[in-house]
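Provided herewith is a single structure, encoded as structure tokens, for subsequent inquiry.
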């Protein structure tokens, strides 16, 4: 029995409570343990990824109950990849948060952070549909805490909306799971696959309802239009480094769609035909476009990047909605890219807002303007999918994968026009932030203008640091920049090693489109 | 030198200038120059092979899944362009070293420049169209940086963004075109694509591919109607302009048209699109250039015009036209770079670029004047300079070209363009350098240092030499480059020489020069007419378009995401309902397999209560406390229902959760408004009601249908029922599922609770850290308060009730594995028991007496659960594997132990901690000075009488009843 | 013997039903708030008590097991019912009675519910 | 359809709770929204519970002595988990609503934002 | 006979609950509503035990026990809310 | 002895809890008794801070007698109240407030008295006076409030005085 499978879930689950119980009053110790846990998590994830890369699917039977009666963890290439991505991102964000001192601005940050990781990783590893729900809840509730970390009126209000919207999603999840259970009598995903395949076609209606509700749940997480409305306000009002971590959360939705709709409701399954394909593609394309328009139409940093993240989700889901091995290959590559890119830009956005507030306006030159400008430029390149960073390659992969699709012209047109609009938006923001400021000298700053923006920058709360405006002591420490450059390095590596990366993605896609292996690994040779 | 290295060198070198700038401007410039020189030298090393007609190829797989390979190749065309880019690049680096002032961040400049140079070299060397796209987009990005280099100039920012918008969109169109091209041929490698002319031109996708690629080329090369960005890019420092608009950026489009000429050209579509665009651009650019007063703007539009010329030539699709195009590319690069640099010198020295403020510079800066005049004459097409040669060949070609049925259209317009071209060249010479020196220049001009004019001077020499000895000097180069353009086919007959005899082209040249002179003479009235004429100002249109787009985007974005979650949720419901209905209606359903079970009046009455209470909640939801009471009814009935339907565990859980939730809500409601106003208009309420009813009907129908049908296969719970006792050691199957079969779910569930408590705590800290704290401290109750906050009877009853309740909790806890109950319910009951104490004596009094560390309680709960799970590792079995057994200690009977109980203890602790932490947070909100009482109950005659007696002993004569506020007055203990 | 127990059980059940009904009926019928308080807090006590007794006897005879845990419920009800009533009465006193509408509290200053001290929260 | 069947009663209860919950969630103040979430939670819990089909007097407590019918225990366990989770969620959402109210002194759940009239870069 | 008596009691308590419900919804005064809810808890408790008797099962005992305890707590909480606003001050 | 007092602060409570456990489990075994006793010691120990003072009750027989008396009164009370509720028109009923001055001083005793009043015929304890020297009692139907007051003092308070003080 390979206990490594449960390690990435148990580790944060132990470190979280440990931090609260033992070192709650020692910031340095909290940081050390949190960081150490994250580093260890990366190490574990690397081991798991190495194990998964052989192509063998590993199963961990919790409580020693075999599937489908107990809950199993399943490690395949996809889950290993997502776990690794999560832990790497977590490490970087953790560095940033510590470096920028965001963790000091509210209570219990590191414990919540650990639990957040536990939830995300648990969701990636589980092989049980209801357990997926449970871990969705774990990651959600931790995200509620992180989202309102350090407080503030607007953040609370946005937090309220975020929670309510997601609670509706969770409710839908239960409706879906109930329906699936009532029809099939099982919760294990592999078992579901087996049973769904045996249900006669003339008895499809109720199962279809369950399947589509499940898809909608994941679509909410993945921020597919018109279920994306939770995202802009929550990401924009969350502490931006947290939003950087949240870049992986939308991917959980995408992951779940990919998992369920290759394993259980595969593209060849007649029973659920037309449920995913019919609307997901158009919806993904509209999502992409709405995100792009949002980038151009944003006048605040957080919102800008949030819409950027929506665009990238649109692109990602476009690739997924192809439901072909090529599409999934592209989607997986793009998943890694867009996670790193969105996180990167969120961190840069935080660097900016920490120095001059949340509005995208020209103000006087900020400290470290040059360095930040370089980072912003790189982040914008990454997120808009311009060369030389991996976004361009990812986008080309998506376009290439779509070439045999019925909607190929729509896909190409939307992806390309969406890129253009995003580029325009980013260029506008960048030139306002980093260039126009140079035409404003100290004496030229118009106090009345500053006054005008006041209500939007500074809410009635006292802690100005939480909400931007120019933090008077916004002194640079190295760590935030290290974090940013680490993500940039990740993007560069993903570009340079696009070959191996895409090869892994290809193998993963192949694994996903051969669900028999997965089913056999989980249920053994016997079919019930 | 490997092509990899040549392509990489500028990028590698780009690092140095920015780093070395601390070592000085010379170091920075030298690093840039050296890198460029190395790359150039490396390129030239390949010259012998290239001139032998060889093609050099290197390649490595990059993204094989896509067919994107890092393949480079060098042929004549690539060689020509790469040499121009690197050669002129060298001159520009030298020139810029002297041109830029001390205030300009030179390191940045050279870094951007090298990035740009690398991207351009990459384009010319790419053997893979996707790779080419990478470099293509990189040129857009790096030119964005270069054009916006002077951050403080608004024109710079706008120009940069405009260039990015136009070339960027073109680039994206080109991606589409290239993808199509790759799809047609099955490969993205250029060398493969170039072999497939028939395949491509026969494909139905030929036209879309062609159009998309051409959009990319035209935007990059500033062809009509995309020409407008180029003049605005002139806000860049002149070295940039010189580089971008002579040798590089704008030539990228030309390069690509030439590159793909073998497979795309030769069709009518190609001819009509490319040649026509080129022709129109050539004419339009020339006309506008004549009326520009800004030196650089004049040159910019002349560039537009000349690019149109080259495009037109490529568009003719004939081999000889292609040769001419290649030749003009070389010529234009030389004279235009020289002209820009000269204009830059003029600007640099006189501090103005306004032609109206210049004149007579021939006397003040003779060197510059010589260079500029020679280059401008070449531009005008005056022999013996090189511009004349290629323009002559061009005119010759137009004569042989029919547009539709018209034989005169092309030559006629070309002649007109040549005429205007001569005119603006003459104006450039005449109005800037000739005439009398003036005394009102913004700065006193004189020739600059050698470093600055060395570059243009070299180019001027080339202009002259190529004009005189074209065949010798550039003949081979033209041959190999043109050979590559026409795809290795045999070169047509042509000769590069000044005198071709009395050809129609010569007459046309003559007419052009004469006409040009005439136009210059008439310049003043023409200018007035031009200024009076109404014409579309591209920049304004573009600006308006961009502003409109931005505004529209803001409108759409803010309109869609208006912050109204009521609408978001409505849309969500609508979508869910619609899709679910679609899923249902597009499937088929069989007849029910189960019979509905008829029930008696009791169930009916419970159902009735539920319905009425639920409807009442909706109807009375504005009275908040009442709706809480009604929700309590709903919860009660639901619990009864669970019990009735064989789910005692659920009933217990539901009941206890119900009460705790209600108390949390009451605690919160204390701070909030007690009523909700009517806000939604009637139609909104009807709309919401409508969607709610539909959703409810959907849910009801779904579950009704499900309940009347059997599982399609036996449920896995049969295994649970069969193995609960054997394998899990418990007879309460629900509990065994919770702590054993699906203990992992429960583990997640207590983590959720723990997190909830952490969030609540953090949130409380955050709220109390703001001015809300002051508000809370000064908050007056919004309802009148009664006295006797901690009634004696309640306190006394609680003293007995709480231990009893804890006993019940223990009972529920220990029997849970076999009978209804378990850690969660026990935890809630314990919490409720403590809550009873809080309600009786107040939170502060109670918690002072028993300092519970709630964080620790939760943490230990989670840790115990996790440790129980981990314990199974020692048995070599997976996480959360349970064990149970029996112990017999005489004289006691045998009793059972199970690790599941330990796990349940974890659950218990987490629940208790979470609930109490939440309560504590609310108590902290409510805390006000003096709220905490030192006594359990406000009124206690035994205690008060004793105190009274003591007090009277100290101060006799006071009647206890009249004394207020005395020590026994509740006010001194309860509130204040 | 069995017959007796059966009668006993039936009697308890009928009694409980009657009192249960009357308790809630009183809630509707009685026309002043304090009087309404009498009906349910009393009648339901005996109503439930009857059921509990029936259950105990039933357990003893029909099921054959001595289960007295119904006594726990009784204990709970006896402990809580007066407190519940007190609180509801206090709500009434608080909202509808004044010092003057009530008899004087012997030699004490006032009734506890009406001894209200305005809180004077201080500036932090 | 048998309107007196237990299935019908349960299904209609699910329907009504869902409908009432959704209606309240679409209100504009945080408090009714929370009420609505509670109702909706009841609805979905009953739904989930009912997926095990309904049985009277067959609790899933193993009887060593008799061979009796048991209702499906699995949905019950799932509902228990769901109840606990939604309890945690409710506690959090109540506190956030309170925090938002105290900070903004306003319990509107919608968050209208006011796009400034912003000029283009000049 | 027991069956009849049980049924009788069932009907009585069920009717009682309906009357409680009516009062909760229609009462003009919050104290009455709390009172009615408390009565409802008690009646529900009785119903639960009756149900146990009618089925001959002990399984439903705990629910009654919990109701006895929780009905008290919620009644006190509602009342305290009106009396003091803050129920755990 | 001190230690024993600290460990078992409320012996009666311990007894009550042990009985409660046995009642709850309804299993009459040694295991159950031992376990119940352990809990009966543990729980009062944990909750002692909330009940700091030692409660003294004398004369256990009197306690039993009092309980029987009250039970009897409760049964009567229910019949009486039921009759009033069902048959007596509202207009004929004479609801009344009465103040009962107290001789009892300990909170436990007053609480038991108030509880008794509430559970017995037509009376409800509605409040206590600000200094704890009187109980406010509401009568459902009392033509002679003073008689009710005297009967409370005689029938219950006197007995409680003997038990508690």
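Letters A, B, C, D, E and F mark the chains in the order given here, with residues in each chain numbered from 1 onward.
The rule we apply is simple: a residue touches a chain if its C-beta (ideal position, glycine included) is under 8 Å from a C-beta of that chain, and two chains touch if they have at least 3 such contacts.
Since this is a predicted model, take the numbers as computed values, not measurements.
Peer 1: Touching both chain C and chain F: give me those chains, sorted by label.
Peer 2: Joint contacts, listed by label: B.
Peer 1: Going only between touching chains, how few steps reach chain F from chain A?
Peer 2: Contact-graph shortest path, chain A to chain F, evaluates to 2.
Peer 1: Taking all protein C-alpha atoms shown, work out their mean, then name the chain whose own C-alpha mean is nearest to it.
Peer 2: Closest chain centre to the overall C-alpha centroid: A.
Peer 1: Of all chains present, which has the mean Cα position farthest from that of chain A?
Peer 2: With centres defined by C-alpha atoms, farthest from chain A sits F.
Peer 1: Just the number, please: Cα centre separation of chain C and chain D in whole Å.
Peer 2: 33
Peer 1: If you average the CA atoms of chain B and of chain E, how far apart do the two points sit, in angstrom?
Peer 2: It comes to 58 Å between the two C-alpha centres.
Peer 1: Taking each chain's centre as its mean C-alpha position, how far apart are chain B and chain D in Å?
Peer 2: The separation of the two C-alpha centroids amounts to 36 Å.
Peer 1: Which positions in chain A are in touch with at least two other chains?
Peer 2: Within chain A, residues 130, 134, 137, 141, 144-145, 148, 151-152, 156, 161, 164, 168, 175, 178-179, 181-182, 187, 233, 299, 428, 431, 436, 460-461 contact more than one other chain.
Peer 1: Using the touch rule from the top of the page, what residues of chain C touch 2 or more other chains?
Peer 2: In chain C, 18, 25, 37, 41, 45, 67, 69, 72, 75-76, 79-80, 82-83, 86-87, 90, 92-94, 107-109, 112-113, 115 touch at least two other chains.
Peer 1: Identify all positions of chain F at which a residue touches two or more other chains, and write them in rising order.
Peer 2: 20, 24-26, 102, 114-115, 125, 127-133
Peer 1: Go ahead and list every pair of chains that touch.
Peer 2: Touching chain pairs, listed by label, come out as A-B, A-D, B-C, B-D, B-E, B-F, C-E, C-F, D-E.
Peer 1: Touching residues of chain E toward chain C in the complex: what are they?
Peer 2: Checking each residue of chain E against chain C gives 1-2, 4-6, 8-13, 15-17, 19-20, 22-23, 29-32, 34-36, 38-39, 42-43, 45-46, 49-50, 52-53, 56, 58, 61, 64-65, 68-69, 71-72, 75-76, 79-80, 82-83.
Peer 1: Any idea which chain B residues touch chain E in the complex?
Peer 2: Going through chain B, the ones touching chain E are 601-602, 605-606, 608-609, 612-613, 616, 620, 625-626, 628-630, 632-633, 636, 639-640, 643-644, 648, 651-652, 655-656, 658-659, 662-663, 666-667, 669-670, 781-783, 785-786, 789, 794, 801, 805, 808, 812, 819-821, 825, 829, 832, 835-836, 838-839, 842-843, 919, 922-923, 926, 931.
Peer 1: Report the residues of chain D in contact with chain E in the complex, numbered from low to high.
Peer 2: 57, 59, 61
Peer 1: Taking the complex as given, what residues does chain F use to touch chain C?
Peer 2: 20, 23-26, 28, 74-75, 77-78, 81-82, 85-86, 90, 93, 95, 97-99, 101-102, 114-115, 117-119, 122, 124-134, 136, 138, 140
Peer 1: Please output the residues of chain E touching chain B within their complex, sorted ascending.
Peer 2: The touching residues are 10-11, 14-15, 17-18, 21, 24-25, 30, 33-34, 37, 40-41, 44, 47-48, 51, 59-60, 62-63, 65-67, 69-70, 72-74, 76-78, 80-89.
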